[in-house]
Each structure stands twice: as C-alpha cells, then as structure tokens.
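Each structure below is given as structure tokens.
Here chain A shows up in two complexes: once beside chain B, once beside chain C.
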Partner chain A sequence: MAFLRSPDPRTGLYLRWPLLAGVLIALPFIGLTGYELHLLIISAIFVILSSSLSLIMGYGGLLSLAHAAFFGIGAYTSALLFMNFRLSMWVGLPAAGIVSAIAAICVGSLFLKVRGHRFVITSLAFVEIMRLIAVNAVDLTRGQMGLPGIAAPILTIPGIGTIDFASKTAFYFLAVGGAAICVWTVARIVHSPIGWGLLALRENENLGESVGVSAFRHAMIAFVVGAFFAGIAGSLYAHYTGFVSPDLFFFSYTVTMLVMVVIGGKATILGPIVGAIAFTFLPEYLRVVAQYRLVLVGVVLLATVLAFPNGLVELWSRWLRPALLHLRTLRSRDNAA
Partner chain B sequence: MLLEVDSIFMNFGGIAALKGISFSVPEGQVVSVIGPNGAGKTTLFNIVTGFQKPTAGQVRFDGAVVTGLLPHAIAKHGLIRTFQKTEVFPALTVMECVRIGLLNNFQPSLFSVLIGKAEVAAFVKNSALDVAYILEMVGLQSKSEYLAQELSYGEQRLLEIAVGLAARPRLLLLDEPSSGLNAEESARFSTLVRRLQKQKITIVLVEHNMNVVMGVSDQIIVVHHGEKIAEGTPEAVSQNRDVIRAYLGREWVTDAVG
Partner chain C sequence: MLDLLPQFVFNGLLIGMSYALVAIGMTMIFGIMNIANFAHGEFYMLGGCITYFIAAKLNAPYLVAVPVSVAAVTVLGFLLERTVFRQLRLKSAMSSVLATIGLGLILQNGALIFFGPQPQAIPTSFSAFPLQLGPIFTTQARLFAVAVTAATLVSMYVFLNHTLYGTAMRATFQQTEAAALVAIPIDRMRGLTFALGAGLAALGGALLGAIFFVQPAMGATESLKAFIVVILGGLGSIPGSIVGGIFLGVAESLGTLVSSAYKDAIGFVLVIIVMLYRPDGLFKKS
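On to the complex of A and B.
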C-alpha cells in the first residue's frame, strides 16, 4: 500500500497513519462530552459524503449536485427495510450502498452522456425528483411525517458479549470505520490507472478519448462508487438519528457537501476530511453568537475561499511546510557552524 | 494497406465538406494531406478518428471497419491522433499527462484495482520507465515535473505527441503539428517524424509547412474543396497543374510548369 505512505504530489502532505488511528481510537475515551462525540459522529458521516463527492467532482471534474439524492436513497432504503421487515442495520447498510449504486447506474447511463451545465442541471433535477417522491409517495414513505424510530443495531459476539450501538461511543467507531473504508477506497482508486483516467476526463475529455480513455466509463465508475458511499452514509445517518424525512433531499445538504469538498481542497485525499470536520464543528460552535451565526459562517467561508483557493490543505502546502523546511535548513546551518 | 479511407462524404446542412474522398496509407509510410484552408482536412481527420460521423463512406483500419466507433474504441486499434489546436491536460504534470496515454494499452477493472491485483501494480511500476523513455524521445525529459500549462507552445505540441506515442500508435495522425513552431522547432519536429518512421509507426500528416511536408513525406495527397485533386510523391505533386492552380490561382499554372 505504497500510496498511503507516499506524500500527496499536490500538497506534499502525507499522514502518519498509525498515529492517526491511535488518536481516532483514543478520542471517545478522553472525556469528551456527549455533544462533542455527537459532532464527531456527524463529522465522520460527512467525511464519507465529502470524500466520495470529491472522487466525482474533484478528480472526475463532474459537478454533481445529485449526491444528496444518493444519501437520501441510502437513508430511506435502510429505514424502510427496518420499518417494514425489521431488518437491522447489518442488512440495511450494505443494502443502502447497493441500492444507491444501482440507482446511480440507472440515472448515470442517462446523465453522464451530457457535460457541463447540462449535467449540473440534470443532477439537480434528480435530487428534486427524489424529494418529491419522498414527499408524495405517502403509502411508502409517510410523506412529510417521515419514518421515526429506526433503531441502532446490536452486535452479539459469542463469548464476549453484546455491543449496543445506541451508545454514542459504540456508534462513533462504526461511523469512523465507515469513513476509513471510504477514504481508503477513494485513495486506492485515485492512485490507480482508473484515477489517471478520471484526471483525463476532468482536464481534457477529447484528448483522453483520443488515447483510448473512455470518458463515459470513468465518469460512471466515479459516479457509482460515489453513490455507493453516499448510500452508506445515508444508512449510518438513518440508524444514528433514528429518523428519516424528505428533508434529506434538501438543496442545503448538497451545498454543505460541496462546501466541504471545496473548502477542504478538492482533488486531494485529506481536503474533504478537513472540510467535513471544519464545517461540522464550526456552525455548531458559532451558536454562541446566536443570530449572527450564519453570517459568521458565511464570512469564514468567503475568507477561506479567498485566502486558500485550493482549499484548507493549502494552509499546509503554502505556509506551514515551507516554514518548517526553512526552520530545518536554519537549524542544520547552525549545527554546521 | 494499413488505413483505407473509402469514398467519404460529409455534409454540414447544405454544405458538402467532403465529396467522396478515398485514399489509402501503406504500413510504414509518411503520408501528408495538404490543401488550402477549408479544404476539409481536419474534418477528414475527425471522421477517421471517430470524432465526427461521416454522411456516407467507410474507414477501414488494418482490414477492420472503424466507422461509427467512438474515439476511444478507435484508439484501441492503434489509430491515434493529435489536434490542430494543441491539446494537453493543463493542470497535470508532464509525467502525468504522458502516463494517461499509457492507458490505451491497459485499463484495469474497478475490482482488480480494489483488491490490488499484481498486474495493476506492475503496470503502475513500469509506467514510470515508459514515460521516461517517451519523454526522452521527444526531448522533454527535463520537464517531467512541470505542469503542462507551464510549457511553451512548442513544448506543448511535443507533449501532445508524447501523449499520443504513449498510446502505442500503429498509425499516428498529426494535425498541423508544426504550426506555430519556429524554424528550429520545426526542424526538430522533422527529425522526430523520421525517428518515428524508423520505429515502424505509420504517419499521416496534415501540414501547411512545405519544408516539413517535402522533407518527410513518402506520399502526398492534395485535397481541395472536399475532393482529392492529386496524389503522388512530393516531386510529382509539386509539378501538378491542378495543385498549383488550387494554391496559387489559374494564371500561375503556365509560368510555373512552363
């Protein structure tokens, strides 16, 4: 797994994975409040959404506004399986991913034939259609009333006991585990020949086609893998909050995901992770300023975009890393002298 | 014959851009397609490489009909083109650009990428060597870490050819490769074409620079108003009355040919 050890070519960033894993495992046990743990779980779910969207948008260059649709499809799949058949999340989670992926194959074979504005608008229309279905197919979805009471799963390990994921600490590991698998998969794809093909699609579709790179094939792979993980995120969300409603298809979810990708740094592995965490915590912690909260979120958003057009990861590549390298050369010069 | 173009017609609305053009390209030769601006040369290229569908007619490559296939499917046959307006992958490094060309030879499935099949890892590992070899060939080896958009115009043209070479072409169609190049770059380009020919790559060239055309071509095809008006060796074509008339006008014919 050399790609996990090598620095990102754009940012020079690489993660010390064992250290990161250690921190992630220790986090729930350092005395965080339930509220903070809740935000971490929501962050992890948004990391899944933003990383998978970055595969489509950052690497493939397809500005898909349909990501919230697959998130909602996953959430409803999981919820409906639970409500109607009492199937736990262990069935609902993979089912949500698969149903979302199948939906992506169906709509993708239509949408991915067009590019640019037309793709953006069709993908937006798809979310709206899904929202209208969720609102109006009352027999199935209970419309605006939503589907309440979706329980978190229970895991029974023979000889050890049972883990009830209704506890935040337990669910934290589930969500972070899901996020880790998603990030790993995205990283694996973008560092493979499929990832090269995605860059070709983003940078110059005709030139790519002229050397044998099928734009449609690569767009489809990104779209379907992205939708799969959006579905997984939807299922986690449904079983964590216990409630699913047509609000999941609101445009604000789509915008939130886009902001996380762009602010964090699109076409990087770390960017969407940073973006998801920052834009889960920031709006919550700004609650102290009451009615000025959203204004401040907007100001921070603007300032970040202006200061770091390529995302927060630039903070490292343009400022911290050069500074560190400079310090190191100074120190070695001192030692030599 | 490696490439056979068989009575291609192309209409845009009421305008006939190509009126039944036929020609063939034998393996290992350099064939130039020349003609005044608007003669239909680029349209012909687009049709051969699948970027446009002809109104009628057929293109065969190594015996197989390729008309109607999508560009990437035609590329898989080893029929690779460059573009009149230079095309690169602007925000990628030179190395990354050339690497994309290698995908014409091997594209792993999603499954084999996710499980980490050895053949994928081997392809990725070998790609570095392949890219270095190709960059050496076009003379861009010192630029491999530059972004494509940082290169000069002439270097971008060379990069585009490098991307095409990475796709392992059997036939390379170059659309006005030396336009915008200075004299020195043009000369370097002619040398490159001869090197490619030695490597048994068949080349079809659309070109306005007559020094390049006369210097490298085995055969020349002259297109005018969507029709083939002459073909033959450089010497024969340069003496052809119809060709001189198309390029210079009627009154020059007697003077030039005598």
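On to the complex of A and C.
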C-alpha cells in the first residue's frame, strides 16, 4: 500500500479519486444484503442534504432550520408531477431542484436580511408553515394520507437495453452519483471567490462588507444552491421510497441533518459526509437500545457542541493525526538510534 | 356565531395565559444569557408529566402534586444552568441553539422512556360538570388554572418591580456589566432566573395538564408557541411576553372561527412579519 502514500503529493491526489470511485462502484457487488444496500442509498441521500446544509450553516454561518422545508418541497414537486402528469423522475428531479431553488429565492429575499437568532426562528416558522400546508391542502397533497405509489424511473438506452431503477443496485448508482455531484459542487463553491466571500460573511460581516463583499448576495447564493440540492435529495427520496407525506417537514428531519453536519464537522467537505453515513448506519444498529436512541443522539449532539465544536473531523485532524505522526517520528528516531 | 364570541375569547385567554407562563421564562433566559432555549417547552412538559406521576401513580392530591412538581422542575432548571447553560453563554448563537436542541431531545425522550407515549389525564378532585358564568361555559379546573395563572403573573410583577432580588434580576437583564459594577452577583442571578423560568413553565404544564392531557411530546409544540410569543412581545421583554401570550391564545381561538385547519399557521405568519418588519415586537412604540 506504499504507493498510496506517494511522496509526490500530485501522484497521491491522482490515485485517490479513481480508488474511491472503484470502491463506490464495487460496493453493491461484494455481497451486501438488500438492507445494507438500502442504508447506503439513504446515506447517499443524506450526504446530499448534509453537504448542502453545511454550505449554508458551516461556511455561511447561517443556522437554517428550513432545510427540511426544501427537502419536502422537492419531494412533493416530484411526487405531484408523477401523480398528476405521469412525468417520470427524469423530469421530476430537475423540476424538484428548480422549484426548491425558486422557493429559496422567494423566502431568502425576505429572511436573509436578518441574522442570528432572528434568522433561526424565521426559518423555523417557514418550515412549520410548509408542514401545515402539506397537512391541510388536502385537495393537492391528500393531507396526512400522503402520496403513495411514486415509481422509480426506467432508463432506455437505444441499442443497449433498459435499466429499471426499481432495483436497489441501480438506484444506488443514481443516489451515489447525485451525492458525488452535490459534494463536488459544494467543494467547488467553497474553494472559489464565492466561498471566500461566505467565510467573510461568517467571520465578520461588517468587515466583509467594508471591502466590497455583499453579505446578502453571498448568503443568497449559499441558500439557493443548498435548497436546490435539498430539492434534488427530496426527489430522489420520493422516487426511492415511493411515498411522501407531511412527515417530511417534521422537526426531526431538520434535527437529523443538523446532527450529521455538526458531528461530522461544520465547515469541512468530509465532515458532513462522515456524519451522514455514521448517522444513517448507527441508529439502525442501535435498534437493540431503540428506546434510548434519541436520548443518545441528544447526548452526542450536546457533547459535540460543548467539547468538539468543529466536529469529528477536527478530532482527527487536530488530535489523532498529529498524535499518530508524532508516534511515527518517535519510532523512526528510535530506529535511527 | 357572535354569541359564541365570549366563549372563544375565554378559551383563548386560558391557553394564552399558559403561553405567557412558558414565554416569560424563555424571554428572561434570552435576555439574561442571550440563549434561545429550544428546550424550554420541555420544562412545561415535565411539569405536566411529573404532576401526573405524583397524582396518578403516588395517589397524592392534585393540590399537593402541583407545587411538588413545580419545585422539582425549578431545581432541575437550576442544576441545568449550573452544568450546561453556563458553558453556552460565551458561545455563538449557532452553538447554543444546537446544544439546547440536543438537551430538548434528551429531556423529551427521557420522559418518553419514563412516562410512556400515551396521553394521560391528571386526576383531580375538581367536578367535571360545566359551570355557567353569563355567556361562558367553563369547568372548575379551568377556573382554577385561570385564577392561579393570574395570581402568578401578578406576583411576578410585584417580585420584579418591588423586591430587591427582582430589581437586581431586571438590572442584570438590561445591562449585565453595569449590574456587575454595582456588586450584583451575576452568576447567582442567572441561576435564579433560569430556575424561576423553568418553574413557571412547569406550572403551566401542571395546570393545563389537568384540563387537557399530558404526554412527553407536548413540550416541543410548546417551545414553538413560546418562541412565537417571545417574538411577538419583543425578544427580552417580560410585559411583552405576557401580552403576547394572551394575544396569541385569543388570536388562535378566534382563528378557529375562520379556519380551524390553519389556526396554528397564524402564529408562524405573525412571527415572520414581526421578525422582518417589527423586530422589537408588536407592542413596542417606535
């Protein structure tokens, strides 16, 4: 495995991505159970949600409790297009992203003028209003009964054949592909002038404004891009599970996303990914202690905020990795002596 | 329709007073520590659930169960301030909101393990027969709740305005550094404020629990309502949260006359409007 730790950083960089892609492509074929594959698909959907939320709250410093609203709007857009017009996911997916983004532009142009607690609470009020609409606009959404029977898409490639995404293996690639595009986009934004503007907004808004960084414009970009991907995640979720209901707007979804971002590490690319995977798999394997599960989530959230405000990724980069490196230096010094 | 109006106003008043009890604590904690406490509704829930436990499981009279449960939650509030909230004071708004969400999860699901998920009625010795007061039908339990809440709100007013501790608390609230300069023990004031806020919320839960039901999930809704009230009344204003609570209760109750499905949306729409256009609350003279 020495080639993975190539002394030339460029070689290391080139090898890392094909290797990761290889692992992701191989995963469904190494004999995972259907249940494990299901958890991987759900993880991928949550990677989209947590990475896009991290762009808003980690880099932009805006604690938005409205992310579940855009997830729900995307899911309902996709579901309603399918139920009413029989439009498949190939139309529903982009439509979901666009409708969520438009909704974000509308509410963002009002909400992004306030900061701190006021932004947190207005965003919470927005998601509650969306939930009440989903429950009460029975003619459109069928209320609490939800919309069942949303089919997974079918892809026909002329000359090759058809792929039915109702199979978990096929949907896995769809979800992982979506997650990869989302993470890539977020990473590109973060490492661009827009990303630096966002950091300026988070660290010191007045100082940023004084050197010409428009706080409102940058906050809006993060908010809309985040909402777009939340909508995409909603569409994937709707077509994967085949069912949407007002429960998608529940505070528990918001809390799940927040926990994933916070525990993984807010302003990092890797953190929300680690958080999303960990918090999809862990609760499933903690079913033995099902009763205590949410208490544990609460304890972990509280402890992370108090002890590791920058998440598990920081635990690795600031404590474990330096410790390992230090050990290695010590050992090589011993060997030399 | 119009002859029902006094009835709806009375019902709104009852709910609104309980909103006010929860909101006063929340607004005081915000004012004194700059923390938006998402776990505050859980004190309301615990007040109701502990009262139920004492009255139903330990067979104590309701009038004993209420003060015992309020005292228990007051102590819990004091301990939480010492352990958790004190550490959050210097953190960002984001950290403190996340931490109180975590704390809310712990309290709510802890209560779920202990009390079970079913809605329960607190047994009381009040007669279940309706009483008629002019155009209003009510019950003994409701009258009791209104009377106790009104008495509590009045004594809160007297405490804050006419006692040494109350004045010190308000001073800390308005200008912490200046209060410290005149030798007010800031840390003790924070602990007391937190304990008092938790106790008031618990009283609301114990009183309304005897009229409706108690269940571990009821705290989360109450937190949301208290946020609405605190914002309507102006963040950090105690008289504002009393007026705001009663205003929201009556507005929701009258809203049922128009559309019962969307009555809960009234508060959220008001919040967004106030947050964006009247940041000091509905009642503040500009």
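Here is the rule we use: the second predicted complex is superposed on the first by the 288 of 337 C-alpha atoms of A that agree within 3 Å, B and C clash if a C-alpha of one lies under 4 Å from a C-alpha of the other, contacts with A are read in each partner's own complex, and residues count from 1 in each chain.
To be clear about the criterion, a residue touches a chain if its C-beta (ideal position, glycine included) is under 8 Å from a C-beta of that chain, and two chains touch if they have at least 3 such contacts.
Keep in mind it's a predicted model, so treat the numbers as computed, not measured.
When the shared chain is aligned, no partner comes close enough to touch A:Leu330: not chain B, not chain C. By the touch criterion defined above, A:Gly212 lies against chain B but remains apart from chain C after alignment on the C-alpha atoms of chain A. When the two structures are aligned on the shared chain, A:Gly116 is found in touch with chain C, with no touch to chain B. Of the two partner chains placed around the shared chain by superposition, chain C is the only one that A:Glu128 touches, whereas chain B remains out of contact. Using the contact criterion defined above for the overlaid structures, shared-chain residue A:Leu199 touches chain B, although it does not reach chain C. Touch criterion met: A:Thr185 reaches chain B, while chain C stays clear of it. By the touch criterion stated above, A:Phe251 is placed in contact with chain C alone, chain B being left untouched. Contacts of A:Val289 after superposition: neither chain B nor chain C is touched. Touch criterion not met for A:Leu320: it reaches neither chain B nor chain C. Residue by residue along chain A, chain B and chain C are tallied for touches, and C comes out ahead.
Comparing the two complexes, no residue of chain A contacts chain B in one case and chain C in the other.
By the touch criterion stated above, chain A contacts chain C in their complex at residues 57, 61, 63, 110-111, 113-114, 116-118, 120-122, 124-126, 128-129, 132-133, 135-136, 251, 255, 258, 262, 291-295, 297-302, 305-306, 309.
Within the complex formed with chain A, the chain B residues making contact are 49, 51, 70-73, 75-76, 80-83, 87-93, 96, 99-104, 106-108, 110, 113-114, 116, 120, 123-124, 160, 163-164, 166-167. Of all residues in chain A, those touching chain B in their complex are 1, 9, 185, 188-189, 192-194, 196-197, 199-200, 203-204, 206-215, 217, 221, 225. Chain C meets chain A in the complex at residues 30, 36, 84, 87-88, 91, 93-95, 97-99, 101-106, 108-110, 112-113, 220, 224, 227-228, 231, 235, 261-262, 264-265, 268-269, 271-272, 275-276, 279.
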